[in-house]
Amino acid sequence: MTELAYLAAGVLFIVGLKGLTSPRTARRGNRIAALGMLVAIVVVVVDLIGLDARLAWGIVIAGVIVGGGIGAFLAIRVQMTDMPQLVAAFNGFGGGASALVAAAAVVGSHAVMPTETAVTTSLSLVIGAITLTGSFIAFGKLQGIVPSRQVFPPGGQTTNAVIALGAVVAAGFGIFADSATAYWIATGLAAILGVTTVLPIGGADMPVVISLLNSFSGIAAAMAGFVIGNQALIVGGALVGAAGLILTIEMAVAMNRSIASILFSQFGGGATAEDIGTKPVNRANADDAAIALAYAERVMIVPGYGLAVAQAQHAVKDLANALEDRGIEVTYAIHPVAGRMPGHMNVLLAEADVSYDLLLDLDQANPKFSQTDVVLIVGANDVVNPSARTDEASPIYGMPILNVDDARTAIVVKRSLSPGFAGIDNPLFYEDTTLMFFADAKQALEDALAAIDAL
Amino acid sequence: MTELAYLAAGVLFIVGLKGLTSPRTARRGNRIAALGMLVAIVVVVVDLIGLDARLAWGIVIAGVIVGGGIGAFLAIRVQMTDMPQLVAAFNGFGGGASALVAAAAVVGSHAVMPTETAVTTSLSLVIGAITLTGSFIAFGKLQGIVPSRQVFPPGGQTTNAVIALGAVVAAGFGIFADSATAYWIATGLAAILGVTTVLPIGGADMPVVISLLNSFSGIAAAMAGFVIGNQALIVGGALVGAAGLILTIEMAVAMNRSIASILFSQFGGGATAEDIGTKPVNRANADDAAIALAYAERVMIVPGYGLAVAQAQHAVKDLANALEDRGIEVTYAIHPVAGRMPGHMNVLLAEADVSYDLLLDLDQANPKFSQTDVVLIVGANDVVNPSARTDEASPIYGMPILNVDDARTAIVVKRSLSPGFAGIDNPLFYEDTTLMFFADAKQALEDALAAIDAL
Amino acid sequence: MSAEFIAGIVVFVLAAFVGFEVIAKVPRTLHTPLMSGANAISGITIVGAVIAAATGTGVLAGILGFLAVTFAMINVIGGFLVTDRMLEMFKKIPGKR
Amino acid sequence: MSAEFIAGIVVFVLAAFVGFEVIAKVPRTLHTPLMSGANAISGITIVGAVIAAATGTGVLAGILGFLAVTFAMINVIGGFLVTDRMLEMFKKIPGKR
Amino acid sequence: MHLGIRNEQSGNERRVAATPTSVASFTDLGFVVSVETGAGIPAGFTDTAYTEAGASVVEDLRSGDSIDLLIKIAPPSESDRELMSASGVILGLVDPTANMDTLTAWGESGITSISMEMVPRTTLAQSMDVLSSQATSAGYAAVLLGVTKLPKFMPMLVTAAGTIPPANVLILGVGVAGLQAIATAKRLGAIVYAYDIRPETKEQVESLGGRFVEAETQEMEEGGYARAVDEETAEKQREALASAVKDADLIITTAQVPGRRAPRLIDRSMVEAMRPGSLIIDMAAASGGNVEGSAPDETVVVNDVTILGPTDLASRVATDSSRMFGRNVLELVKRMVVDGELTVDHEDPVVGPAIVAPISSPPEGANPSESEASE
Amino acid sequence: MHLGIRNEQSGNERRVAATPTSVASFTDLGFVVSVETGAGIPAGFTDTAYTEAGASVVEDLRSGDSIDLLIKIAPPSESDRELMSASGVILGLVDPTANMDTLTAWGESGITSISMEMVPRTTLAQSMDVLSSQATSAGYAAVLLGVTKLPKFMPMLVTAAGTIPPANVLILGVGVAGLQAIATAKRLGAIVYAYDIRPETKEQVESLGGRFVEAETQEMEEGGYARAVDEETAEKQREALASAVKDADLIITTAQVPGRRAPRLIDRSMVEAMRPGSLIIDMAAASGGNVEGSAPDETVVVNDVTILGPTDLASRVATDSSRMFGRNVLELVKRMVVDGELTVDHEDPVVGPAIVAPISSPPEGANPSESEASE
């Protein structure tokens, strides 16, 4: 029956994980998974109580209190922006725990382990140790404790290969010779490997690395499950191992990187994607835009010359339709000098059959931005440049602009940070509340539409 | 090791099944699954040989030859159009086999079965028997041996409920009293239930029923697996059981029916979706259209008044763009009297910015249809009515029309079979090579586009 | 419940999950081939049939075993073959030529 | 190999398949929460840690057990909580107010 | 067979009954074609082009052989009659309502008159339907005339010098000309409202992006044409239209009831309620007018609202109008040439109803269409 | 402060320098506004509307108080001078190139002349840019003029009476007017080709759905304006344009080089190669013409090709042209009213460059723009 209860926990994990893949169900998914965890813990406790043996409950309770306390404290206190590194740290602890479970088995085993157990034990130790140290380095990089640029060990990737080989040999020796010491050596080498592998990876690639290490910690847990013969660990671990791997691949694809190129980067690799501007911007892609738009109540679209260049008038109409179908209020704000001729935007929007009733001019639009959730700025630049309001030295100072910075979020669709007709930089792009979606306008809107449909 | 080999077979089944869900990989997927089956069979034979006991190989070999021969003969000889009923028949044999495996276990068991085995045995018997007879009725309906209209048993669904209850009681008695006779009674009642449940279902709903019975045969196999303690059967059976269920739901959704309404139909229910015309047409949905279009080399679009009514000009342009991105040649054939005013189609296509170079008039288009893979007819009717060519009694006899019936496939998008301006029926709709996609033109084209993007 | 039986349930549940997840949105044209292919896989009961036939004793068991193998074999061979034929034809869109 | 071990492998493989299949295309904004949630699930090792801590004998085993439970507990509690926080915030789009 | 094309240019008429392209086809059919000098110039077809197409260009048809088939775009006159051979055929826009007596008289003397206006308006005969083809031109030209006369922009323009609102255009009567007017005004970016008595036109208006004015409609027609409405309905109609009329910058009216006076859709009080500077184009001015006060080919100003009644709209796109007309006629003539001979078949479902004189069967055939067009 | 609006209607001029709306704003700014009777009628603004907006409508401004601010849409004349108060300001389309001497003389006597033409064409000053606003009207009106004069359809129509091919429209010079012309022709369904010497216009043409004619372009401009090109480049240009010109049904030329004769883009041989019946509208006719043989406000026919040189295009949409003009002027005047007083600030980056006379700083300021518009 214990096994069936564990199975129930596993099913809850599966359902929860599935929930986490869609914005609508994500929160519920997480809670379902947590419920699964609760079930598993209750089961093991009940099971142990049923064992009718003297058990070290004190240690368990102490661990639960200390660990639970630390975890809860960190999770509650953390700043929004620091969450990724916290996940990394948690992940390190998880990997460490699996290694410790295996270690306890080594320490506690008095007979010679069967080969299969020996193999899984060493895997659990090695993978757990890599996860532990690797995750902490990732944490350090994101937290700024460890330099986030690429730091290579002396000898570079060759050194890593040597350490890895060493760990394998030590583990192999441990398995065949049933030597605890060999296990510890393998574990130590793996711990070093975790450090030396993650150090050379640039900060920008950290999320992918953390996800990979997350997959590792799942595998470590599954291996620990084999060691102690517990199916809950096997199911949960295998699930996370596989899911984490897929997620890692997806994340790498979304960043336009291959996993190999991230892990085995040489000097000068990595993080190129971030180098467009000198000042940092919030970059967004079609999915981000889709979520921001799909969960808004009021969306205002600000077209500019780039819309015309990309001939994105039909795409913008299609996107607006999709939003309207979701009950979102969509209007268009047309700046008097948007485009390259008077009425440029009108020609295009009329071609796409956007109703005149939805077009707001400057005077109508500006009071509305503060009630707008998302402004979607499509290939406009000068006409939304707040320096016309704020910077007396600006050549366009005094020109009325669309005050898109009053809205909760501004999504700017353009191909780069290059300036518009007036040739001046636009402070809007560097605002906290601005998301920069770098792409050809037509492509961007089509992708966002597809992403909204997929939500 | 046997178990691991079975696991390998299971993995091949999974991979194969996944392959079957996409047109590109379907054929390979089927072969991978077949490979899995081969693996499983080899494993069981090797395993049995290893048993070192006197075994009735003769019976096995006889069965393999007879069964394999019949299966191969039927599969090779069958007409394309008869395939669905053949699948039904095969499925019936599969369900029967599972029931027979359980029956053999009952016959062969000399000790009292443990409860769990008794339960799975009776499930295997009952579900297998339903599958067997239900599938054969489905086969009969499609083959025309059994009347395809709804045939109710005396007493209707109440009778079915009584029979079902009887089967459950008998099985329960069998389990608790370990009575073989009770099992046989339960099995017999289940066999009757298979007949009486499927008889009242109309022919049009048969594919959904077959799919559901397919899911059943998977479950029967899994139950048989429990009976004889074989994981291969459990994995394969559970896989098919679950996948079949999802597929059944999807098929029912695609037909706009609920499974319950199909299974428990009363007089007059069922098959309404087919009743639009008296003559049969090939119905298609967005996915079918997408596949036909995406795998074509040359596509011609024929717009008509319905395109204008649906204001689908932008949707048609978007679809054409997607096809062109796939390297497909797309042109438009404009009939002189399409729409409701001279140049109606031109106004719309110009609004959607379709290049004039792609517009063919009647004289340019007609010679091209025979080299066209798919003609997509969007809300046109009279202008593609072949009776203008063939039916001297037709009021439009002699009018030049677009000879879309020269193309390999014609997809007609309109909302119903209702006639166009001239008020006359259109024989094109009943052609073998015509697919009718009943929907509002704009919606249809948008859905087809989404389906193409998802391919 | 025997450990073996429980292990079976675990395997059953997980395999069922895989079955649920593996079938994403399937284009309608593939519904029949997919059904047919899945049906062929359900012929895995051939393994049980072979065991029953080979190990059964007595005439009744023999007959049941023979029928089981025959039925399962029809399902397996017929199922995979007919699916393959469907998919072969599927390459060509329904229509002339 | 023990039957139990083999059953473990079967379960492992099937669970891994479920894991592969369950993650369809995930919107980018959900990458981090999903990673975080999956990470929390990997804290299932708490079960092993509890067993190790409760059944271990000797000081070393005790220390290892205590650390294992502590580490796993940090992962579990912290992981689920932080995921929940992320998702809560996620309802509001990043921006003012 | 001698086919004649006259120079019919006069006042507003700029079209020609055959283009060089159709002349070439006539020659292929076995006709000898004569064209009067300068017949096609205002429509953009030079004498040289006709010569190259195989016609002989002559100063005056009267100076040559008598004509077996005379194709007319302007109404026939006595001078046309004089050209004809004994059993000649006059075919074209012969305006049967106005000229019935003359044509009947000619018919008694052996001259067959075929009215292109009376070709049935069925799907089958659309390629011979000059009413459709010329209405297409007229609807297009009406909008352009209106746009040029109106001192305002059609489209909305948001500019640095203020937002220019889009013009409101109202189309009354949604036949062929009305639909083309909707399409053209919509293309130019106007907000287009439209109304017709026939209910099925709502869908047609919307299929062109126009908005249908919800007023009284009636399911009552004969062969696709509207019937006349009684005065009560007409009154209700005007009430419902009043606010649309008031808001319009440009109104184009096209409503016709075959064989009747055009319905009065806009009365003086409605005109007076319009903004100063607005413009009405009454395309039905020649048959009585949809607008009170409109007059054919005249500019009437009521209360700063201008009312035009142009009758030459199709001539404003003379090249294409002539091309379409020529093609329509050619298709009909093709139907009439049997074994290289021009044959007038009273039984032909297309030609038969178009024969004005002589009548072989009992007359009363002035109902130009019958079959399918009655949904 | 007394602000005067004259009735400037004469010949082709139908615009008015202020609309009732702008008059109301002037009144709010503290001006007393006088408008001559009938000043706004052809543009659709009645005397009553002006009165309601707060102006006094007078028969002749000469009969009233002297004027402190005279707003002109037509070039200033001696009769305007007579109205002015001692230090009055004349502001509007004063045509500085042609009237420099007069204005300088007036300037010496205390009258300030401000040329709306010389307001810098920067992003900041766009709301005061009359060249843009009037060119918008002119570009739109040019296409409509062309469409009405051409005896053909613009859009393609597939009809039962044959397929009507779309018209080919060629726009030469893609400034504000050219862009508007492209947009308007495209809306009507024509195939639009366009060309300009400035390379960045290619993207702009394509952004409106037009096709760019690949001929010589030159990265050389001053403040967004094109420079004159040497004869060799011009020759190459003409060669490259020849085939586009030959295929065009309608050509609209807008090329200008500020302060210079308009460049000659089409010579006689190119005109002669065109199809008979084609039409050219030379919007630069007044400044020398882009087309050989064109003359201001005249219709020239060369080889069956008609060349028009209209100078009143903006007046053809008089209502909206006047609205935009009025708004442009208002924005500029707003900038000039400091503490309720009209103040001429020579240092103001917008007003300064527009002051023609009197000149406070060294002259040679005829360069209308300087800053950003130079990508």
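All chains are identified by letter, namely A, B, C, D, E and F, in their written order; residue positions are counted from 1 within each chain.
In this text, a contact is a pair of C-beta atoms (placed from the backbone, for glycine too) under 8 Å apart; a residue touches a chain by one contact, two chains touch by 3 or more.
Just so it is clear, the model here is predicted, and its values are computed rather than measured.
A.B. asks: Kindly list the shared contact partners of chain A and chain D, in label order.
C.D. replies: B, C
A.B. asks: Touching both chain A and chain F, which chains are there?
C.D. replies: B, E
A.B. asks: Relative to chain F, which chain has the most distant C-alpha mean position?
C.D. replies: Comparing chain centres, C lies farthest from chain F.
A.B. asks: Please work out which of B-C and A-C is bridged by more C-beta pairs in contact, and write that pair.
C.D. replies: B-C
A.B. asks: Could the interface between the copies chain C and chain D be described as same, meaning over half of its residue numbers are common to both, or is it different?
C.D. replies: Chain C vs chain D: same; shared/all numbers exceeds half.
A.B. asks: Rounded to the nearest whole Å, what is the centre-to-centre distance of chain D and chain F, using the mean of the C-alpha atoms as each centre?
C.D. replies: 72
A.B. asks: Compute the distance, rounded to whole Å, between the mean C-alpha positions of chain C and chain D.
C.D. replies: Centre separation, chain C to chain D: 35 Å.
A.B. asks: In whole angstrom, what separates the CA-based centres of chain B and chain F?
C.D. replies: Roughly 68 Å separates the two chain centres.
A.B. asks: Between chain A and chain B, what is the gap in Å from one C-alpha centre to the other?
C.D. replies: 40
A.B. asks: Find every residue in chain F that makes contact with two or more other chains and list them.
C.D. replies: As it turns out, chain F has residues touching two or more other chains at 126-127, 132-133, 136, 155, 157, 159-162, 164, 187, 189, 209.
A.B. asks: Do you know which chain B residues sit against two or more other chains?
C.D. replies: Residues 10, 14, 18, 231, 235, 311, 336-337, 342-343, 347, 350-351, 353 of chain B touch two or more partner chains.
A.B. asks: Hey, what residues on chain C touch two or more of the other chains?
C.D. replies: 1, 7, 10-11, 13-15, 17-18, 21-22, 24
A.B. asks: Touching pairs of chains, which are they?
C.D. replies: Applying the touch rule to all chain pairs gives A-B, A-C, A-D, A-E, A-F, B-C, B-D, B-E, B-F, C-D, E-F.
A.B. asks: Enumerate the contact residues on chain E facing chain A in the complex.
C.D. replies: Residues 155-164, 166, 189, 191, 209.
A.B. asks: Which chain F residues qualify as touching chain A in the complex?
C.D. replies: So the residues of chain F touching chain A come out as 122-124, 126-127, 132-133, 136, 176, 179-180, 183, 186-187, 203-204, 206-209, 371-375.
A.B. asks: Inside the complex, what are the residues of chain C that reach chain B?
C.D. replies: Residue positions touching the partner: 1-2, 4-5, 8, 11-13, 15-20, 22-58, 60-62, 64-91, 93-97.
A.B. asks: Provide the residue numbers of chain C that touch chain D in the complex, in ascending order.
C.D. replies: Within the complex, chain C contacts chain D at residues 7, 10-11, 14-15, 17-18, 21-22, 24.
A.B. asks: Spell out the residues on chain A that touch chain E in their complex, using ranges where they run on.
C.D. replies: It comes out as residues 334-338, 342-343, 345-347, 350, 353, 356, 359, 361.
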